[in-house]
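Each of the next two complexes has chain A plus one other chain: chain B in the first, chain C in the second.
== the complex of A and B ==
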């Protein structure tokens, strides 16, 4: 049994392995970081403000003497909730729109796809900014705006996957059997569009982190006192030259997270999509 | 002649898209709680209902949003984007001033990053699996993973804090010599260049690797053509096709990147104008800035499609 699982591991691309480990660590941090944090994240400590990394504060403290390591660990949840939440939202919306559009075709397809085209006519960060400007900042609105921005991309991937299945023998058979539309869509088509959807989801997740963290950096996403990483950088960018750790600690965390997701995406693509067209 | 019809068709499509985009912006903006009149009167608006109503009539915002939109469109086609509430001046001149500043960042970044990323991508693909390819892949992977607001500060720490070569903020760019301009632009342009270099480079490499696997490349090799000729004359042209699309998409990304980079370096471009407008809840200014930016993006996509056609002989006929 053990030998068997090791053999599987050998065939897994290195990027997939490293990527899932990194993303796994961040997910774990998001789940239990609150409890592991050595200090209270809101605890002001004016005598220790802006102290550089030391044995008491491994990653230093910010302008109120709050422990950077604790804030970083607690902030993982906020950052991950926004990214995962917005991708989940765009996944649900995109899946429904893409399935209906590809399966129905005709006028419904035309109307839905033209609507998606309009959403895609905006650069992604710009549309997210506009939506957040209208709705106001905060975690939920950030999820909503980033979710809307990424919906068309998912819808298109789903739609083209559905189109490539239309006319396949097993779909025809299901329709001739008299199965309902919902059955055909979700029991026959859905399982078959899984591989491209997973790869696309992973790519979107990396962009979702980037866009949502950028929104927070610009002061329009998560709001203080949330220890969201983008917000931590945006609020304290004036300290960059005098107390660089305050800015660099969340900056490195964000970069590692996006790097991990990108490696995971590259690995998944290699396993799920590229292998088939390999020879 | 066919090409001509294609271009006219695309141009009409572009106009239709811009129309739809401007309607979408107006509709979204109408959801904003509060309006321009409340914004102008500020704290006064609660006390003086009559003044508020009079101001609404004067500004034309007592109408439903589609009537306001029709008015806006009428003005916009004549090049008048209305007046800024926060600055109380016409928007069009400021907007184009800021747009020019932004292009001063974006054009050098594009001119440097596009040829460089083509070179890097092709080099990596040709040497696939060798150390140089692993090196290029690793560096570009890190490049796409570092957000602009992380890379920018790191460059500031190194080049303005430690080495003290460049200023860390790009405040004013008017009335300054070429050297001063270079010093101010260097770090923001470097940030943008690195980001899009990594992004495009990865795509070029991937598409070049696919092309090099194709039968006609094997054919060219079997004919005994030197590898250099196979790569440059046969493979490169075809793998440029998806790259053009990627570059166009990258322009949308670059616009987002520009907003962030301008914020990092306090650069007076169109991105910081938009952020200012959002902060001040200056509705006409938000509407105009978003519209002009989206229009620039759509036009860039159109140009990319035309370039795609020019490169692809199958689509030309």
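== the complex of A and C ==
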């Protein structure tokens, strides 16, 4: 196995490399961006309002004179927490639903999948808006709403992977020697659905970033003075012509993050799925 | 005009008679891989003369298909001819432009592919697809003339009602009919060279026999040269006049089929022949000689003989220097010891019948019926989905303690469904399955853990039967862990189990994808026996494996039965193997039992008509054996359950009673039963199907 992974490392696709570096930087920012930030993110500085990028403020300042670079670095945490949190939630829910649905089949499968179909019938942003409107805004509720919205997609991927394995001889062999359903599901099937699951998770992650910043942009996600990127764009969009850096800096950050995650997902797909078909 | 064409054709044929149609001259083919260049075919020289049918035979990985696709210019993108010449009627095909080659392919050189289902376009009528060949290669023909020729071709490949059949789509035809279409296409423009890539491998034996008849007939009529690629020496014996045996990219032996199969001059050919059970041999009187070892890794081709590492006659010279190609009585042999008597690593230890055998029924099947598509839902009952498909119709069987009972039949005979019903994986519609006289719940989910353990199954496809994410050690140990085996003896037991299937203990730390097909199947068997089963269902465990590996697995299974005293229910479509391996044989057709008896009963008259056709269709390697020609009719299995399922295909249909009434069970002797309308006295008058040229009827002697 070790030799195997080394060989993969040698043939890492470029997209995987670039993607993981970009995502890695953002993760790092999310973890320690608060301490690295050169200025206090909530420190008003009325004398330096809306100053363009300069040696003191590399990315300029906003309408209250707060340092954009510092807010960007600190904002990474907010965005990443929502994205990772909601995907983790949908992963757990989707995994359980997909495994049970695919393995059990019949009525259970029908009931679960039709419920998922109903959830999927709504556009994800609309549904997230609905959930937030009912539960109220804030980080936790955003995680909840985006997590619920993405659950059916993960569940479908897991279910189809389980279905393709359910008739496999090694699963039948396990049933024939008297293994319990939990053993078959989690010991036999689960390790084998990893590749498609990881790829799907990456795709969901980039969507989660998009949905969460959209919610904040609309004023339903994070609330001021949180340095959330979507919020930063939403609040200051009127400044796009007079002080473009205030809007463009978080917008570029979002774009970079999503591109990075997509490249990571593509790269992983290439490595995991291609490898599987080779074996 | 046409007279003139006929004349030029005759002259052309006469002219080419002396020179070969196809000549491979020191051909090398390589594949570019990520790490290295692999020489998949090395120094292959062959001559194929007009009217000859040459069998290019070898196991998987021998490079036989690579040779064929090199001739056709159809190698994979990373493959290329790295040396030598491919001469077709004197011109080097590898030097031709793509356009020139394309004008030859389909016209002068034709291919019959392995799987006609994928070679035919599913969206167009088959007649139209044959017409396409004419439109491409003979643009001057009028459409009326093309239509006439298509119908003529369809009649030539003996398809019924050629006018109508040409309008059908591929999915409306059976596998055998599809292959006939592919053959018709290949013969469309009177090719001089025909390449056939395992054209009968996916077909049932009785269908295979009919297709082979057709190919032999067409080849004789048109005097086309045929390069027939196959892994099956029995098919070579039936069809070919010449044979070339390939091993790991090289031709080891060539010659006339009769000479090579009777007196092989290369140790590999001899070893390969020893892997195949002879008709009349059984596990009680002989043992198959498997070939030890595995194919060499071709990234670094050894300097000596490629077969040296597995050869029973190996000397120092064989390992060091490439053997010369020596002339033999009818061909060549690439061996340093070609003119010495050939020795094969002898198999040792025959099966000893233990005292316990036949001391009571372990497993009993009583009137087992399995139906598909019989939905119990309210909605489907209201809508009325129509008649369910009966996969197994009221079959009763008993399996004795320590016995091997073989279930044999074609695809669709219900043998696999029956086996799956026994272990509780297929739904039982009615009837019962009893273990030691106790009725088992139909579904595996409702059976007790200890019952499940006692009924185990070895699966057909070794690739799918092992969890790809589990190491071998974990896989084999799992049934022991489940049975709460003590931790201290666990490793010892796993090693013991692995050695009982002839695997080294170090495989425990490997993953399935690091093993060969044969090794995976051994692991599957070790896991099965880790559960200490009483009855093992063997679901075609050999059909995905090469002959040499098959022999080894058969030996392993025989030894395990000897040691554990378990009973086997052996599902197979290979009658010659079953005659060697089984104590009793149950022949199934269309979900019903036709005949059951010992191998001797099955081999000698009276026969059930279907058994008779099966025996006649087996591809037998031994050329001293004669088979009486019995061919089933083209037709569909009757699944209505009113008459006999074989009625419309039976070659000796008794009368309209066959369509109207269920055939009766007729007992011939203890344990021998035939289900047929024919009176037994009449069936007993049949001549034996398989006879030995030397000893007459084989059936009694065994």
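Couple of notes before you dig in:
The definition used in the following text is that the second predicted complex is superposed on the first by the 263 of 279 C-alpha atoms of A that agree within 3 Å, B and C clash if a C-alpha of one lies under 4 Å from a C-alpha of the other, contacts with A are read in each partner's own complex, and residues count from 1 in each chain.
Here is the rule we go by: a contact is a pair of C-beta atoms (placed from the backbone, for glycine too) under 8 Å apart; a residue touches a chain by one contact, two chains touch by 3 or more.
Everything numeric here is computed off the predicted structure, so don't read it as measured data.
In the model built by aligning both structures on chain A, chain B fits alongside chain C without clashing. By the touch criterion defined above, A:254 reaches chain B but does not reach chain C.
Of the two partner chains placed by the overlay, neither chain B nor chain C lies in contact with A:107.
Number of chain A residues touched is higher for B, counting chain B against chain C. In the superposed pair of complexes, A:177 makes contact with chain C only, with no contact to chain B. Using the contact criterion defined above for the overlaid structures, shared-chain residue A:46 touches neither chain B nor chain C, since it reaches no partner.
Vectors from the Cα centre of chain A to those of chain B and chain C enclose 90° in the overlay, to the nearest 10. In the superposition on chain A, A:220 makes contact with chain B only, not with chain C.
Shared-chain residue A:192: touches chain C; no touch with chain B. Fitting both structures onto chain A leaves chain B and chain C with a minimum C-alpha separation of 7 Å. Chain A meets chain C in the complex at residues 1, 11, 168-170, 172-179, 188, 191-192, 279. Of all residues in chain B, those touching chain A in their complex are 17, 20-21, 24-25, 28-29, 31-32, 141-142, 144-150, 153-154, 156-157, 160-161, 168, 251-253, 255-257, 259-260, 263-264, 274-275, 278, 286, 290, 293-294, 297-298. Note for the complex: chain A touches chain B at residues 114, 117-118, 121-126, 129-131, 133-135, 206, 210-211, 213-214, 217-218, 220, 230, 233-234, 237, 240-241, 244, 247-248, 251-252, 254-255, 258-259, 262-263, 266. Across the complex, chain C meets chain A through its residues 34, 423-425, 444-445, 449-450, 452-453, 455-457, 459-461, 464-470, 478-479, 482, 511, 513, 524, 527-528, 531.
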